[in-house]
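Consider the two complexes below, in which chain A is the common component and chain B and chain C are the respective partners.
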Partner chain A sequence: MHVSEGVLAFPAIAAGWTGTTAIAVASLRAVEGKDLPKMAVLTAVFFVASLIHIPFGPTSVHLTLNGLVGVVIGIGAYPAILLGLALQAVLFQHGGLTVLGINGVLMGLPALAAYGIFRLGDGAAHRNKTALFGFLAGAAATALTGLLLALLLTTTGKAFLPVAKLALFAHLPLMVVEGLVTAAAVSFLARVKPEMLPGTHASREV
Partner chain B sequence: MESVIDQSGSKKSAIHRMDGRLKLLGLGCFICATAVLRSLPALAAAFAAAWCWVLLARLPLGPVLRRTGMAALFLGSFFLILPFSHPLGANAGLKQAAAIVLKGVAMIVTIFPMFHTAPFHVSIKALERLKLSPKLVTLSLLTYRYAATYQDQLRTVRTSMTSRGFHPGANLRTLGILGDLIGSLLIRSFEQTERIYQAMRSRGYGESFGVVHEFQPLQSSDWSKFGSMIILSGALVGLDLSL
Partner chain C sequence: MQHPGKERGIQGDKAPAFAAGRHAALLICALCLLCLADFHHGAWAHSVYLHAYVAGEQCFVQGLFNGTEPAADARIEVFDDQGKRLLQGKTDGKGAFSFEIPKRTTLDIVLTTPLGHRGQTRIGQAERGDPAAPSGKTAGDAASDGGHFHGAEHHHQGQSAMVVITPHELEGLLDHAVDQSLDEKLAPLYGMMARIEQRREEKAPRLLSGIGYILGIFGAAMYVASRRKQP
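After this line comes the complex of A and B, so read on.
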């Protein structure tokens, strides 16, 4: 979930851009030029996958997959997510341009956290353990996004307190959905192409 | 997806003819000015100005209204919350909700004249000239290109899934199948990347990506359009401060 244009006051927008610029610059420095085509292809897949809607009760939810982006792309996940958000703003008018900075933080930081969580299960020889860490990475990324969003909304003004609670509450089912999809995708990758995952046995041998 | 931007780029209007760099700078400035506004009259003026850009660009109104309508509907939900939650009462809450809708819609609408009046690669080239990181430029161009490809692939896979009787629902099975679907899309694309990279290297790809587009020297008409965008942005902020 991301913040829409028009809601935030200027200081929050400026702080978002400062944070995003710092993290994106550091993260891009860690990316080599020869890795860009691979990163672009993965970013494109994630961008397209985020257009998938799942029916959910009377409404439908769409996947954000920021946990899976973190797991598969690693440190470069931050600019990848930022670009995904920019494309969504320009092509579909989701989110917006001035809130791109803050949305980058809301979605990108949890992706980096998911990468860290998945690495904790490094060398998970057992398939169930890989799936478990995939679930944790996906669920934690969504939970962190929800927490950051709620925190941001409460600092925006007292009037936004119910909105913050609503956002936090809405992230609970999303957390489970993202966790399960990430677990399924990660165990699929571990079975079929383990070198795409960081820290698995196969990727260290290659 | 490509068609959304690139079809509207073929029309000729005052905004289409404007130099890409000055267009992004001028309208970007307008969006930033709108972001700092607080008073309702100034926001209403910004809202009207944003639609003037769309009319000037002679963009098809149907898609613009549809897309903006979705955003407005979402922002409009603040009318149901803020009047009840605002510490200064319902009136203050209504005013704040109105400010959010006017501001949000004005900024979102401006994206159309900004980015939907030139082919995507031209806008990226303009951003490159405005000092966007070369790595991000390369990443944007390649991602945009592949997003279109994978959207087609996803459509194909979904058709075949539906024809085998798959109905998405809120259940574990759906989530597992979607996970596998995303995993297989990832693997398919990952295997392509190596070949793509080699093909690019053999055509002379270094570590940045050249776009074959040269901007014409800036005309006085570009400067006058840019000037009016800046003056309007300044006037909006001035109006806001004076109220």
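After this line comes the complex of A and C, so read on.
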């Protein structure tokens, strides 16, 4: 779901960099020293996961796990995702450096949204409910990334609805996979190390 | 959030560390297996690779995700060396598209998928097999380099020096000419395959170096954070 170099016009690229810089600075302020090891692990997971692709119909989709990164890191997820994207662009020509700003928005904003969705389930008394909100957060992050991509491609002269339909249809199986992976990960963390999940009762008690 | 295992996670008295470690090890093993399985099928990265080759006056292009999955319904645009668009079209279900070469110049071929992925390749003089290019020998040129064939050519031109060749020798000459011609025609394809293979082989070290960068950057950040905490 990365946008490649040469697809977008300069105004869209400039807007992406402006938005990314503002969000990344705000996001970095929420990062505490104790979160850094967790951020390193999740950045590595994001970096690797985006390279695993799933062939689907006329296109090919790949894991993003931005929802999982958002749920586990919280507000500080944005710079982690930005770093992962920068390394993908430099090492794999996946996306690109000029479109790093816009790709940061595409992947980072849904990660923050996923954190918000997961927080809605804060106080869930049952493990299954934790998993459910994890699933919703993971799936919603993928759907939101697809919608943002469709919105972005309208700047290249494409109509929003057909591209949005294609983006959502192409990423439907990925939404399920991302939801399941996020649900499994948060269930596991809630059971063995709940303080790793930010914004929950357990993390506040630490 | 009241997690059933919260007390176990925090206090660590009801759930032995061994159990948590075992779960973590299983999770890591599963992720490693997933990665290894993907490596096996060469299904890494999501970039679009655009391959092009020329046969006669026709240029054949194919867009592939990861070098294996076809990029169907993608827009193909062909530009000349001045950046002027010469033609455009769409790939079929196999990610393929072909066109008659519109102009004897360096051609830049650009593929853009409906979801914004982009690949690009260039067809120069050598790929087109132009006579001026060093590798641009035609089959006829190549065959005429053979001494035996010179004799046969003289024979056909009706010159006085008659050279007689046996059917066996003729077969050998034809085999030689066909092999040489095929080698030249297939050379771009061999090169293309070698490049795809090289890209795949380069992925593992790049992946590890990426993880190394991440650990290094966060390690430095942790060092700075720890220095700030010190009185």
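Just so we're on the same page, the second predicted complex is superposed on the first by the 171 of 206 C-alpha atoms of A that agree within 3 Å, B and C clash if a C-alpha of one lies under 4 Å from a C-alpha of the other, contacts with A are read in each partner's own complex, and residues count from 1 in each chain.
Methods note: contacts are C-beta pairs under 8 Å (C-beta built on N, C-alpha and C of every residue); 3 or more make two chains touch, one makes a residue touch a chain.
This is a predicted model, so every value here is computed, not measured.
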{"item": "Which superposed partner A:L149 touches (first chain B, second chain C, both, neither)", "value": "second"}
{"item": "Touching partner for A:M39 - first (chain B), second (chain C), both, neither", "value": "both"}
{"item": "Touched partner set for A:L161, first chain B, second chain C, both or neither", "value": "first"}
{"item": "Partner chain(s) touched by A:G116 [first = chain B, second = chain C, both, neither]", "value": "neither"}
{"item": "Touching partner for A:L180 - first (chain B), second (chain C), both, neither", "value": "first"}
{"item": "First, second, both or neither for A:P11, with chain B first and chain C second", "value": "neither"}
{"item": "Chain B versus chain C as contact partner of A:L83, first or second or both or neither", "value": "both"}
{"item": "Chain B/chain C common contact set on chain A", "value": "4-7, 33, 36-37, 39-40, 43-44, 47-48, 51-52, 55, 83-84, 87, 91-94, 163, 188, 192-193"}
{"item": "Chain B-touching residues of chain A, taken from the complex the two chains share", "value": "4-7, 10, 13, 24-25, 28, 31-34, 36-45, 47-49, 51-52, 54-57, 63, 65, 68, 72, 79-80, 83-84, 86-87, 89-94, 96-98, 158-163, 177, 180-189, 192-193, 196"}
{"item": "Residue ranges of chain B touching chain A (in the complex, touch as defined)", "value": "1, 4-5, 28, 31-32, 35-36, 67-68, 70-71, 74-75, 78, 81-82, 84-87, 93, 96, 99-108, 111, 115, 133, 135-136, 138-147, 149-151, 154, 168-170, 172, 174-180, 182-187, 189-190, 192-193, 196-197, 200, 206-208"}
{"item": "Chain A residues within the chain C interface of the complex", "value": "1-7, 33, 36-37, 39-40, 43-44, 47-48, 50-53, 55, 58-60, 62, 83-84, 87-88, 91-94, 121-127, 130, 149, 152-153, 156, 163, 166-167, 170, 188, 190-195, 197, 200-202, 205-206"}
{"item": "Contact footprint of chain A on chain C as seen in their complex", "value": "1-6, 8-10, 15, 19-20, 23-24, 27, 34-35, 38, 43-48, 65-66, 69-73, 93, 110, 112-118, 120, 203, 206-207, 209-211, 213-215, 217-219, 221-222, 225-226, 228-229"}
